[in-house]
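Note that the chains take the letters A, B and C in the order they are written out, and that residue 1 is the start of every chain.
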Amino acid sequence: MDVPVYHLDKVVKVRKEDMEDFDGPLDLILHLLSKNKMEIRDIPISLLLDQYLEWMEQRERLNLEVASEFVIMAAHLIYIKTRMLLSVDDQEALSEMEQLMAALEAHQHKESYEQVKGVTQVLAQRYAYGRDYLPGPPRPLPQEKGYRYQHQPQDLTAALQRIFQRGEGAAAPPTRAFQGIVGREPYPVETKARWILDQLRAGGVTHFRALFRGNRSRSEIVATFLAVLELCKSNQIYLAGTSEDSTLTCTQPNGEFSPETDDGGGQTWN
Amino acid sequence: MELKELEHTIEGILFAAGEPVPVGRMAATLEQDVETVDRLCRNLADEYRFDRRGMCLVRTEDCWQMCTAPEYADPIRQTLEHRKPPKLSQTALEVLTIVAYFQPVTRAYIEQIRGVDSSYTVGLLLERQLIEEAGRLAVPGRPMQFRTTHQFLRTFGLSSLDELPELPAPSQEGVQMTLDLESAIAKMQEEEAGEV
Amino acid sequence: MELKELEHTIEGILFAAGEPVPVGRMAATLEQDVETVDRLCRNLADEYRFDRRGMCLVRTEDCWQMCTAPEYADPIRQTLEHRKPPKLSQTALEVLTIVAYFQPVTRAYIEQIRGVDSSYTVGLLLERQLIEEAGRLAVPGRPMQFRTTHQFLRTFGLSSLDELPELPAPSQEGVQMTLDLESAIAKMQEEEAGEV
């Protein structure tokens, strides 16, 4: 039997040459492929063959001009595939098949792209509304301490860039940034010293840290600390122990607080 | 646990999570079946919407997430100095659409469809958490595949991928061709039936 | 804006913030006086408590914060235990970055750069053990300085501070900003030095 020769030049060069003529058969094949949920490269030859034979049977009785090119194409597809099956080394058949597949794929991609472009505006409108759903940040689990998330170092530079871009660096710092530097919150050291002596007389030995319990601000803590120093200096209390755990004892249980210098006791911590 | 209490526990969970929480996980903790928990979430979501509260509950796939109600977005952003995320460019929308409809896809596939290099845009969408990595493809080079995220669904107002708008039909000629073919087939089948 | 709407806007703001929000800032955005906003927050807090909702509102100093209601702590912890650990907010990352690159720094210095009060965030980073105290600065008031910790290095996968990524090249508009910032910092340092 004579080997029929079909030239698919026009098909495989679909991208370069006039596409109009060949959109049809390609679309039909693609349509059949998508209906059967197949990948182009896995076209089951038997299915195509069935359809092809069916068409061949019917074509004389029906006016199927529109599908004639599909029939030619299907025939050729089957022909190439048969050659490939009969001889694995048929390079010509292989490369022709590759070209045909590539053309089909390119065509399919072009179709997909058209569809994608067609739907982007619908999606853009949805996004315009949907981007206003603001998620809250994850909250720490109750009792969770420390930090376990793993970051990329670039998160730091990104954060800095945000600070720069916001451009608020030159903004005046809030007043509370200067709290403890310029704030007026006087705690006279002398009052504190008297309070400490009273505490010691009433309770005997006291832990150093206990003096700071109930101190409500940095200024008050500083004043308490200065008062302790002042009392040590004038030998009115005795400080013992380590930096972690130290105790105070009053050396003159009945004495009055007497500042060593004039300005010492009258000092006020601002 | 009483129903109202369950509802408020769920509220607390969704508030603390800060991300979508699978219904199944809540059901397991609360020792309830998934349907009950899902119904309670829906109730809560309806209450929020009806009372026009500041938050709303959003369902994406099998998860629920607490978000701010979109109508308050402007004053919220203004107070917290958050920027409104910029509109997506046409390019970004195209790449995102390809991922959405054909997922999981590799970058090569996206580029085949668009015909241009798309690595920058893929990176951008990853950064904005609209797409995420979805494992490597088992072909030479093992390229990474991408899919859309819960954040994608949320920001596009979809509760699942099934709700994506239908892709427009292929080109005009293709449609005509398909119709012709289908009618021809139908006609053929009729004739066959008549012949029997 | 009607009162109920205001209340729900505030609700949205507190939900999205995740950290204490100064009443004054909300008042400014909503164009209301501080007392009104504070009263609305109080109302909302009472409602939440009365209805035993999953969240609660907590007032600290002049700020309001939305937190999980303590009575639901157990199921919340159980449900979310498996999630990825929560991530630092952008605010926290900013403060941490400033400490990382300019350490040791005082809180005043951080606030000078960021332009907003940062005491809550500094406290949070201390609690998370990402920063630690680093002695007091020898200026009046002896303000505490802060530096990053080993935990910080681990979190960012760095083996030492030398491995910190280079600072980003500022954007075009950012250049002037950076210069301004640098001169502001230099001036501040001079002033600090002068005061000793």
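Everything that follows uses one rule, which is that contacts are C-beta pairs under 8 Å (C-beta built on N, C-alpha and C of every residue); 3 or more make two chains touch, one makes a residue touch a chain.
Keep in mind the model is a prediction, meaning the values are calculated, not measured.
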Subject >> Taking each chain's C-alpha mean as its centre, the one farthest from chain B >> reply: C
Original post:
What is the identifier of the chain with the smallest separation between its Cα mean and the overall Cα mean?
Top reply: A
Original post:
Roughly how far is chain A from chain B, going centre to centre by Cα mean, in whole Å?
Top reply: 17
Original post:
Taking each chain's centre as its mean C-alpha position, how far apart are chain A and chain C in Å?
Top reply: 20
Subject >> Separation of mean Cα positions, chain C and chain B [Å, integer] >> reply: 32
Subject >> chain C residues counted as touching two or more neighbouring chains >> reply: 12, 15-16, 18, 68, 76, 80, 83, 86
Original post:
Multi-chain contacts in chain A: which residues touch at least two other chains?
Top reply: 134, 136-139, 141, 166
Original post:
Within the complex, which stretch of chain A touches chain C?
Top reply: 134, 136-143, 145-171, 173-174, 176-178, 180-182, 218, 222
**OP:** Using the touch rule from the top, collect the residues of chain A that touch chain B in their complex.
**Re:** 20, 23-24, 27-28, 31, 58, 61-62, 64, 66-67, 70, 105, 109, 111-120, 122-124, 126-139, 141, 166
Subject >> Residues of chain B that touch chain C when the two form their complex >> reply: 4-5, 8-19, 21, 25-26, 29-30, 51-55, 66, 68-69, 72, 75-76, 78-80, 82
**OP:** Using the touch rule from the top, collect the residues of chain C that touch chain A in their complex.
**Re:** 12, 15-16, 18, 67-68, 70, 73, 76-77, 80-81, 83-90, 93-94, 96-98, 100-101, 107-108, 111-117, 119, 127-130, 139-143, 151, 155-158, 163-168, 170-171, 173-174, 177-178, 180-181, 184
